[in-house]
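Same chain, two partners: chain A is paired with chain B first, then with chain C.
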Partner chain A sequence: MSGYRALISARFRTLLQYRSAAIAGFTTQVFFGLIFVLIFEAFFESSSLPQPMSYPEVVTYIWLGQAFIMMLPWNVDRDLQALIRSGGVSYELLRPMDLYTAWFSRAVALRTAPVALRAFPLLLITALFFDLTAPESPAAAMAFVVTMIGAIILSCAITNFISISMMWTVSGDGIASFAPAIVMMFSGMIVPIPFFPDWIQTIIRILPFSGLVDTPYRLYLGHLPASDLGFLFAHQIIWSFAFILLGRWMLNRGLRRMTVQGG
Partner chain B sequence: MNIFNNLYVYFRFLEISVRSQLQYRLSFVMLTAAHFLVTVIEFVTVLVLFDRFGSLKGWDLPEVAFMYGLVNIAFSISDAATRGFDAFGTMVKAGDFDRLLIRPRSTVLQLAGQELTLRRVGRFLQGFAILIWAANAMEIDWTALKVGLVIFAVFGGAALFAGLIVIQATIAFWSTESLEVMNSLTYGGVAVTSYPVTIYRSWFQNFFIYVVPLSTISYFPTLAILGKPDALGTGLAFQYLSPLIGFGFLALTLQTWRFGVKHYRSTGS
Partner chain C sequence: MPQIVVENLAKTYQVPIRRPGLWGAFTGIAKRSYRQVDALDNISFSIDEGELVGYIGPNGAGKSTTIKIISGILNPDSGRCEIDGRVPWEDRVAHVSQIGVVFGQRTQMWWDLPVIESFDLLRDIYRVDTTEYLKTKDELVERLEIGDLLNVPVRLLSLGQRMRCDLVAALLHRPSILFLDEPTVGLDSVSKLIFREFIREINKERGLSVILTTHDMDDIEALCKRVMVIGKGQILSDGPLSALRNQISPERLLIVDFETEISQLEGIQAAVLENDGHRARLSFNPNQISASELIAQVSALHPVRDLFVENPPIEETIARLYTENKL
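Our next item is the complex of A and B:
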């Protein structure tokens, strides 16, 4: 167990080094958040139709999204991709560790370090200047924290699934190039899920991706009651298990037929 | 060095780039399909919001979709043609720019000719399909002049976006790394100008009219084509000529590029 913990902590500290990227990312995210907020503002001003969420709720949803965007399984682990491409992956096999767990540990660092750098300043600035509101109640805050942990687990399981799929597509494309679009769309990152037509929402709620964004943020807002926590958390965990099992199975198959590139 | 010879060299560069990309045919098809899908998802936002809200400050879905198509076509062209400038930061860092300086052709020509990124066809097709759909839905009565304006706006827009990438590359002369902040102006600019500029708060409007004049290649030409009155009060003549500003913007940024080249100091590696 300690080996994996060391791996997480080493990767975490490596990723913390990218501070200038974090500053650039911060500016980008404030700008993009502002664009979405202004577009929604215009829509809300021009229509009196009843909406599934109020404008202040949408604003908070958007800013939470920008603050935690790096937590989503939207990119691949570049270092791991390079290992697979160069054949360095064979060294990974020599380590006295379970490969799946080792890669999962890398994913944990990849999904938490950039958030650790960015989320706090972004939440602070947006709370001060851009109308980010506090959680609706202490119960909502607690439900938010629990489902954010669920979201990280789910995100790491999906990340690992994408990483393993790269063993089949040497160039590292394939699933990895489709994944961000699907994740962004169905998680609520681009448009909050309640705005989708009702029949699509039914499908989106079954899919795993709403557990990454929509679930925790709406609990935060009190838009979903905190009493639903058990069910929502179970949704996240069941999907995480599904991705972990699928990832493990693929990894075992991949290792059996692996040809190491390079020399 | 006459212009025809430069053009000849440029197209030779492009030919080589295209041929090398087509070596991995399956990979190319996959990447293009992925790019198409990723960009289609941006349009889903527009669809979803219009479905809920009905209209947007006097604009309906096909009208906004038309602008969206226009901006996306323009951006896809610039995105495909300016890869050399986009990756310029890494070039400076590695000291590879020195090699370009000793060749008997301009640096702009060499960087522009570095790659024509074919998979950007994904965004192009997406924008084109949406533009055609929108135009059909509105039953625009096309005249030669209007068709001309669409093409003019597309290339003006491509020039303007290219100008933004050139600025990003120029900054790398001093910062020795590509500033990703510029991505917010290109990708963010596409998102912003997919909607009429008048829907935003006034300081934001002014930014996209006067500072980064992306409205001149989307909002104003669209008004002329749709025959919509302008809330900002501009006339038809201005709306027809406004894409010129895109070309002017590119010319200006190329001047600052030349200034940057003069001040270039190799990293020495």
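Our next item is the complex of A and C:
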């Protein structure tokens, strides 16, 4: 097994052990999902104007969001934060690995293991009791799967970028505090993007974050036609590349900086 | 053909200066000022395959910097270094595949995994052939007696246990050079002895080159025939420990217990350091008078019940070396 795959596997297995966190998370997600559903229920009942998405669509959208929430780049890798803070980063170079890829492997485990624990139970419960609907069509289902893979890649690229930026902020709290807010807002987690004013929507569609939530879930609903898959997947991959290239460049600069300053 | 060649290695750090006080904090945001720290000042040395070398110096002397450069994780500002035909920082991946490192202050293993999983992970990262890996691992595990610890998560190990596991981890990929950075810090006596025994054997049996950085002079005395001393970025001494001793503190001690009380010791070719009537500590230079001659002189003065001859503690020798060089 390649070193990177072994890293992912080991980290994945470690993260799977956090079962009480998963149970607590599951409960939180159900609770939050219900709150969102209730808010939208009130919204739909109080408004008689036609809305960009129907109420049942919004409900499914919300539950998909809650099921897969741990996939989003909402937190920093605590171990990397400690490593950077302690100045032990240069010692990572003692291993015969590309450091960026090694950290990316950590991010892959971080964005898939917690989801694996929570997603299936959540999807099951919400399908049975909370009106989660099936994908709109087989094409929609396939488009959903493809863009979920794209979303995971994008999320890992962003996560790695945030981790690497900690080499500058050292405490890690700078980016870590506003990254979740930006991600949640512009990905469509708080409010589905079709509900934003048109001019904001134009900006949001260019930004990378819509690829994390808006893209896969609206394809699932058929709200975005499956024929848009090519364009939307390309959007995810291009932004992933951008974050990966930027991340690699920053990592090289950061390592050089640390060694120049006696790290 | 030496295995490790270091020639005129120099490294200067730019350390940011923070002006004290609130004003300093504000101006610091706008404009950073730096001071230069010369960590390495054109040092040179070479090490042959199979040598067990000690590398000592006071804190801040440049030891860690040297180790980081020759392990390939730091670029020097100037100078040349070649290890097994490679330049460490240029061929980093190839180079680090051939070296093993053990740090006393930190572990190379993964904190929340059982020891054996760290080992398996290292096998994959270093791309060790499975059969070879199993053989090496079993041998090392037996040697260092960590068979019972394999399923214990690293974070639960005691320091002595962790160090033994770290040693195995560093050697799983059969490196040709082993760096030990303060490996015995905080270890109990039993663990220290196990460690020294193991290093001695593995250096002899496998011809594994070892570079030992430590403050523990007992480690140096037990293991290293050759010692390099670094201070303020410069190599102050490089050679056998005995030569270093002879250079810095050639005198030896003769401690004599007398049969009956003696008030004065005169007419002997030695300096009397202490004399409480029953026991005297004498310092003499073996280049001027041999131990046996001095013993004869003392015995002629007064009946002697017991005596022993000692080298000054190596710690004192090293401390003297540091202070003489104003380190």
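Keep this in mind: the second predicted complex is superposed on the first by the 257 of 263 C-alpha atoms of A that agree within 3 Å, B and C clash if a C-alpha of one lies under 4 Å from a C-alpha of the other, contacts with A are read in each partner's own complex, and residues count from 1 in each chain.
By definition in this document, a residue touches a chain if its C-beta (ideal position, glycine included) is under 8 Å from a C-beta of that chain, and two chains touch if they have at least 3 such contacts.
Note that the structure is a prediction, hence the values are computed from the model and not measured.
Peer 1: Once chain A of both complexes is superposed, is A:7 in touch with chain B (first), chain C (second), both, or neither?
Peer 2: second
Peer 1: Have a look at where A:78 lands relative to chain B and chain C in the superposition and call it first, second, both or neither.
Peer 2: Neither partner.
Peer 1: So, does A:88 touch the first partner chain B, the second partner chain C, both, or neither?
Peer 2: A:88 contacts chain C only, not chain B.
Peer 1: So, A:197: does it touch chain B (first), chain C (second), both, or neither?
Peer 2: first
Peer 1: In the overlaid three-chain picture, which partner chain does A:253 touch, first (chain B) or second (chain C), both, or neither?
Peer 2: neither
Peer 1: In the overlay, answer first, second, both or neither for which of chain B and chain C A:49 touches.
Peer 2: first
Peer 1: Any idea whether chain B or chain C touches more of chain A?
Peer 2: B
Peer 1: For A:39, is the partner it touches chain B (first), chain C (second), both, or none of the two (neither)?
Peer 2: In the superposed model, A:39 contacts chain B only, not chain C.
Peer 1: Could you list, by residue number, the parts of chain A that touch chain B in their complex?
Peer 2: Touch residues, chain A against chain B: 20-21, 24-25, 27-28, 31-32, 34-35, 38-39, 41-47, 49, 51-52, 171, 173-174, 177-178, 180-181, 184-185, 190-191, 195-197.
Peer 1: For the complex, which residues does chain C have touching chain A?
Peer 2: It is residues 13-16, 37, 39, 68, 71-75, 92-94, 96-97, 99, 101, 103, 106, 108, 110-113, 117, 120-121, 124-127 of chain C that touch chain A.
Peer 1: What part of chain B is in contact with chain A in the complex they form?
Peer 2: Touching chain A from chain B are residues 24, 27, 30-31, 34-35, 37-38, 41-42, 44-45, 48-49, 51-58, 177, 179-181, 183-184, 188, 191-192, 195, 199-201, 204.
Peer 1: Which residues of chain A touch chain C once you look at their complex with the stated criterion?
Peer 2: 1-3, 5-7, 10, 14, 79, 88, 90-91, 93-98, 259-262
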